[in-house]
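After this come two complexes, each holding subunit A, first together with subunit B and then together with subunit C.
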Partner chain A sequence: MGLPKIKQDATEARLSALDLPGGEGWTRAAREDALSRLQAAGLPHKRDEYWRYTDPRSLVEAEPPMAEALPEGDEGPIFGAHERLRIVFNDGQFDADASDDLSLEGIEIERLSQAAGADLHWARDLYGTLETRGQTPVARPLATLNTAFAQDGILIRVTGRPSKPVSLIYNHISDSSDVFLHHCVKVESGAELTLLENGAAAARLNTVLEVEIADTGKFHHVRAQGRDHARRAATAIFTRLGRESVFKSFTLTVNGALTRNECVIELTGDDAVAHVAGACVGDGDFHHDDTVFITHDAQNCESRQVFKKVLRNGATGVFRGKILVKKDAQKTDGYQISQSLLLDGDSQFLAKPELEIYADDVACSHGSTSGAIDEDALFYLRSRGVPEPLAQDLLVLSFLAEALAEIDDETIAEDLIARLEGWLARRRG
Partner chain B sequence: MSAADQIDVKEGVDQETVDAVAQLSGKYKHGWNTDIEMDFAPKGLNEDIVRLISSKNGEPDWMTDWRLAAFRRWQQMDEPDWSMLRYDAVDYQEQYYYAKPKSMAEKPKSLDEVDPKLLETYSKLGIPLKEQMILAGVEGADAAPADAKPGRKVAVDAVFDSVSVGTTFKDELAKAGVIFCSISEAIREHPELVRKYLGSVVPASDNYFATLNSAVFSDGSFVYVPKGVRCPMELSTYFRINAENTGQFERTLIICDDQAYVSYLEGCTAPMRDTNQLHAAVVEIVALEDAEVKYSTVQNWYPGDENGKGGIYNFVTKRADCRGDRSKVSWTQVETGSALTWKYPSCILRGDDSQGEFYSIAITNNWQQADTGTKMVHLGKRTKSRIVSKGISAGHAQNTYRGLVSMHPKAKDSRNYTQCDSLLIGGECGAHTVPYIEVKNNSSRVEHEATTSKVDDDQLFYCRQRGMDEEEAVALVVNGFCREVLQALPMEFAMEAQQLVAISLEGSVG
Partner chain C sequence: MLEIKNLHVKLEEEDKQILKGVDLKVEAGKVHAIMGPNGSGKSTLSYVLSGRDGYEVTDGSAELDGAEILELDPEERAAAGLFLAFQYPVEIPGVGNMTFLRTAVNAQRKARGEEELSSGEFLKVVREKAKSLKIDADMLKRPVNVGFSGGEKKRNEILQMAMLEPRMCILDETDSGLDVDAMKLVADGVNALRDEGRAFLVITHYQRLLDHIKPDVVHIMADGRIVKTGGPELALEVEKNGYSDILNEVA
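Coming up: the complex of A and B.
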């Protein structure tokens, strides 16, 4: 069966505007493979079931829609007070002057564009591998597109416990930037890394993060997605967990025209733990989509999904989360909650929380709720002299608190809360 | 023996439940076949067959045209593949689309003229066509059997393969103004009603199977309850597939006028055959202002043998349109049969303050596959819906809940509560949940949960106070809840329901 014409045309149009990054190094085979997979699968279309609630057109079309960069100094830096190893990208271009020295004990950091020239590299077994695994049962062609055309990215091999987190900072400069970044992280047995990401990045951003966590390894990921109003982003995380390993990821999104965050998690070793959480606040022309797919393929693993969305002025929030429990994944503990707070009648929340279970001794639960702000709580605060806009913001923060509580590091969580408060305060005027 | 007897059951699932599931789905009691001479239309499907069915039913031209338009549309459609059902492609040309007992060549004027073999078929199934006649005082009927339920009347429309073989209590219903007859008769006798409402809830081009049904439906039941009438008895249709390689395509249309009430039951069985048989039905319900319809199904088509051979492919479109303000439609279904079930009884809550309910227990065993659920589309203000779904899977079976709750922007102050629990018995089966939740206004509340730990705290506290340990208390509350759903079933399904009560949902996986 060939592709429907409409998809084939869209795919060809996009591909004709791109060139496979040159060089005959170790990434070549993965890039060519990705290209042929992409030609077979085609880029997504809004009629695809997997894009039922999010129109992918602006992520697919050859020219990115324009997005004005934020004026400098509009918003204070996040994670600024933290001791961290900074790696800065401006519209996807590595900024050596603004970045720290990439050497740190317990960790090897390289840039994809530099390392790709070699014949052999440890990342060869990882680059595109988890992304390829993540294509079943549902194709994720935007990630495949990224594997083929990624301009740069960071390759991190974690062998110990580095003294500080690695922080990726994405600055948005040009109104029409179209950026592909592909990061690979390999956490060796017993090692541990915290990765921070923040910034508006580009008018259109496509990132893939592949994380392989060996037995007893730990990986923490905290991301604050920039708030450029018109920016568009399609991000995908693919991770595979070994025995007793831990993966925790949290994303805060404040505005942005379109965001699709996909997370594909495979628990392949017994007793592994995976948590993925997100909080988003959207105002006006805002579409935010969290799509999570968790596969339990080992015993006694735990997975947890906590997603909270606050929406107003016609903003749209989407949650698609699926837990697949394979036949032998007994004693699985799967939890999933998605909740939205709709601050006015124009906003909408669309959810598809799925379970697919083939093992008989598991505890999986999912919940999803949607509704307006609690009038009683609002009245309570008002009766104690809190002005209504502030009372509403306090209730918004308390609604998001459950998701923010998923962040282990309290000082990082405080940073994100401060960012949220600042945003809410500016909206209050 | 069913697979459920041989497998290890995880802790927390009680043996009673396992036995009840095995009993319900293990041995098929209705697998025999009635040896009766049949008139078949030629095998296969084309415009001539559609015309033939239409002319056999003595239909007016508008009906024939309606069927043909549906058939032409169907030819351009693709069979849906989004469900979690895996099956070999159906060869639509290898089916008979019309089969009618020969003795029905002349439509009997009363039940007494019905072929005794047919009546025997229904009495074997426990469908008391004759018994009900006795209760109604029909002359010349045999003595009342011991298990008849005096004082409770149920009007039955019995559909055998493609035709309705008899409808009981017609006269008594007519006195109340209720029309209850086969749909073929309604097309002839009440064309104005049929024309106004047929296809108004499930359009002829709605989906692949509904469109096929629109083209070839041969019979089914028609109910009209006029304004202000509370239907004096429960209405029931009993469907039986008997002939081999015959698809059954029945169409049911229920219209409940302002302030009217009707309770409707549906049952179905089929003989055991090695080949898969097709069943594609459409049920349309229209509830006008303040009307209430209660629709209960015990679906017990032949599920195939323990190796997955044979069984009915059950592709059903059921939809209710709560057109009037304050109308209410309640679907209750117990799904134990069929090799494949593809069925989503839905409610369009169009009228303000209208209500939709969906209570479902789906039990699959051996190689059965069920993909079932509901759609609640909230359009009117202050509309309410409630979904309670219990899926139980044993053997190699796959059981999927698929549902949609949609709150439109104008459906202010609406509410939905959804709960779906699944239970797996054994390690070879699967349970899946695929809910869609679409909320487009902020004054509505939507709650979806699929977990057993979320038992009402007050009830738990009450039980704990009286000395039960936590597990006992949870079991009691969950079981009580299950019973409550089953009690929504009319008494006619009491036998099935009683067995189902033995099922506990301890150990549910959400």
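Coming up: the complex of A and C.
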């Protein structure tokens, strides 16, 4: 295999604990292809450059670490007031009773686990394709593992402008659930979709979302990652954008022991726009990693990354963001900012912004800061009678506001702010 | 209401004494003014009274209604009825002015064991008070002080004071940066709050504000002490002759 022994052993140990899900046809072929790619690449190890700041061990080991699910009702409803098509998974198992009817004008929705025999050209062409493309120049073996072993997922083809968002709701039930979900979205030319995701999902969750956006298509994505304390998640988004298309993704993370969110964006049509943003708040045993790779391969495209992390009691935040501008991607506008608010000296933020530019007419900027709470602002609030913990939380919200402003839909943004406020209030006791 | 005795304060981080024995007594219902050269310690006094970090009280005391306040947290002092209108109001991006006001009002009510205001009630009161200070809906919605002009910030301080209804109000150069009309608005705001149970300590460099807010007592502060105390005429004297005569006289 040519892999270091330690990697080979770890990969074999993991694979021996898994069975390729059943089914014949195109899904089987895609899974087998992924399996052989994975055997060649091996699972990540903390000595890999790409995992330098985040130890992947608990994401890789055969036995998932246990994570207690939050008591029912503890995770307040989110997106609740929003008209949406609800699709519910419990520990990765589709829950037909809790889900809405999967039909909506302007889109086709299929389930991965049911798709094997179906003649879904668009899904067959997409499943694992963007994930495979995303393996260069940096390997992302956890996503390959997902392509091989995904239990289920949603396949969506967007042909029009559906009246409401599709909302994926993930409930975490068992303390030892180990879940792979793989979703594909094909946005056809001129079509538009908003996808919502929320919930803790599992003790250990691995998701892949592949989004192909044709010319002038639009895709909005907002997710709130579950706040179960000990849960672990590795998520990867792969997207490819055609001419004048738009991709916008926002992730809110509160709590969770380990989160690695990767986002791989390829701008392949002129005048396309891709924004990816995130806000997270972590306390104590919390490690949150945003790893973004944006490739500009067309002219006059805009990309924007805005990430904000609030860390306390020894929490760790990681940001790796790369903008690669290829030779012919003239007039690229690339922006990247990552900031952390460290509420104490134990917490740390590791940022590695990277620019690699081969075109000559581009405007790219990046910045990264790490700071403590603004003492003047804190005193100002306290002098008005706001108790210190509440004053601090207001400043936390204030710090995150710039990232939350990346969400276009105001009512959705308000939902996320309410989620944050609730979490902060419970922390205060 | 407020009684400061022999207050000595140095900077926590360096060996620099700033207040060198301040004695001051402000009775309920009264307006006291403090004037004094730049750097004499006026803002420091206001910060120490409201509980800002970075200062060390080396001697003396400050009591509000007979209770020592120097050991209290800033929010406890606020709940006890102390308010400081800042010389340099702080900008807080991302926190709406309205949210800020409501949080402050309700936190104080809660600390005093009173019912929180419903958002309806709160809105009604804010709108009314904002209107009299010519603070428009947009300023209420915007993040606290962000992008406010100097004068708007000062008016916003007075709005906070009007909402919080403190009993001991300290105004640190609230007149600086105000145009003539805004000065009048601010003075009207202050005068509207004047009553038997409330006292004001107005720090200023100019007689102009005192034309509108008539002080009962005027103090001159220099080099960390109150060096002279008198009636409103003292402010006029400063306006006319500057500080040198007074400082020579007490030296």
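By our rule, the second predicted complex is superposed on the first by the 425 of 429 C-alpha atoms of A that agree within 3 Å, B and C clash if a C-alpha of one lies under 4 Å from a C-alpha of the other, contacts with A are read in each partner's own complex, and residues count from 1 in each chain.
Keep this in mind: a residue touches a chain if its C-beta (ideal position, glycine included) is under 8 Å from a C-beta of that chain, and two chains touch if they have at least 3 such contacts.
This structure is a prediction, so every number in the text was calculated from the model and none was measured.
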Simultaneous placement of subunit C and subunit B on subunit A, clash or fit: fit
A:49 touches, of subunit B and subunit C: first, second, both or neither? first
Touched partner set for A:359, first subunit B, second subunit C, both or neither: first
Contacts of A:379 with subunit B and subunit C, given as first, second, both or neither: second
Subunit B versus subunit C as contact partner of A:273, first or second or both or neither: neither
Vertex subunit A, arms to subunit B and subunit C (CA centres, degrees, nearest 10): 80
More subunit A residues in contact [subunit B versus subunit C]: B
First (subunit B), second (subunit C), both or neither touched by A:348: first
Closest approach of subunit C to subunit B (Cα atoms, Å): 13
On subunit A, the residue positions that both subunit B and subunit C contact, one per complex: none
Subunit C contact footprint on subunit A (complex, rising order): 374-377, 379-388, 390-391, 394-395, 397-402
Interface residues, subunit A side, partner subunit B - complex: 49, 327, 334, 340, 342-372
Residues of subunit B defined as touching subunit A within the complex: 9-11, 82, 409, 412, 422, 424-454, 509-510
Subunit C residues within the subunit A interface of the complex: 50-53, 73-75, 77-79, 83-84, 86, 89-95, 99-100, 103-104, 107-108, 111, 143, 160, 164
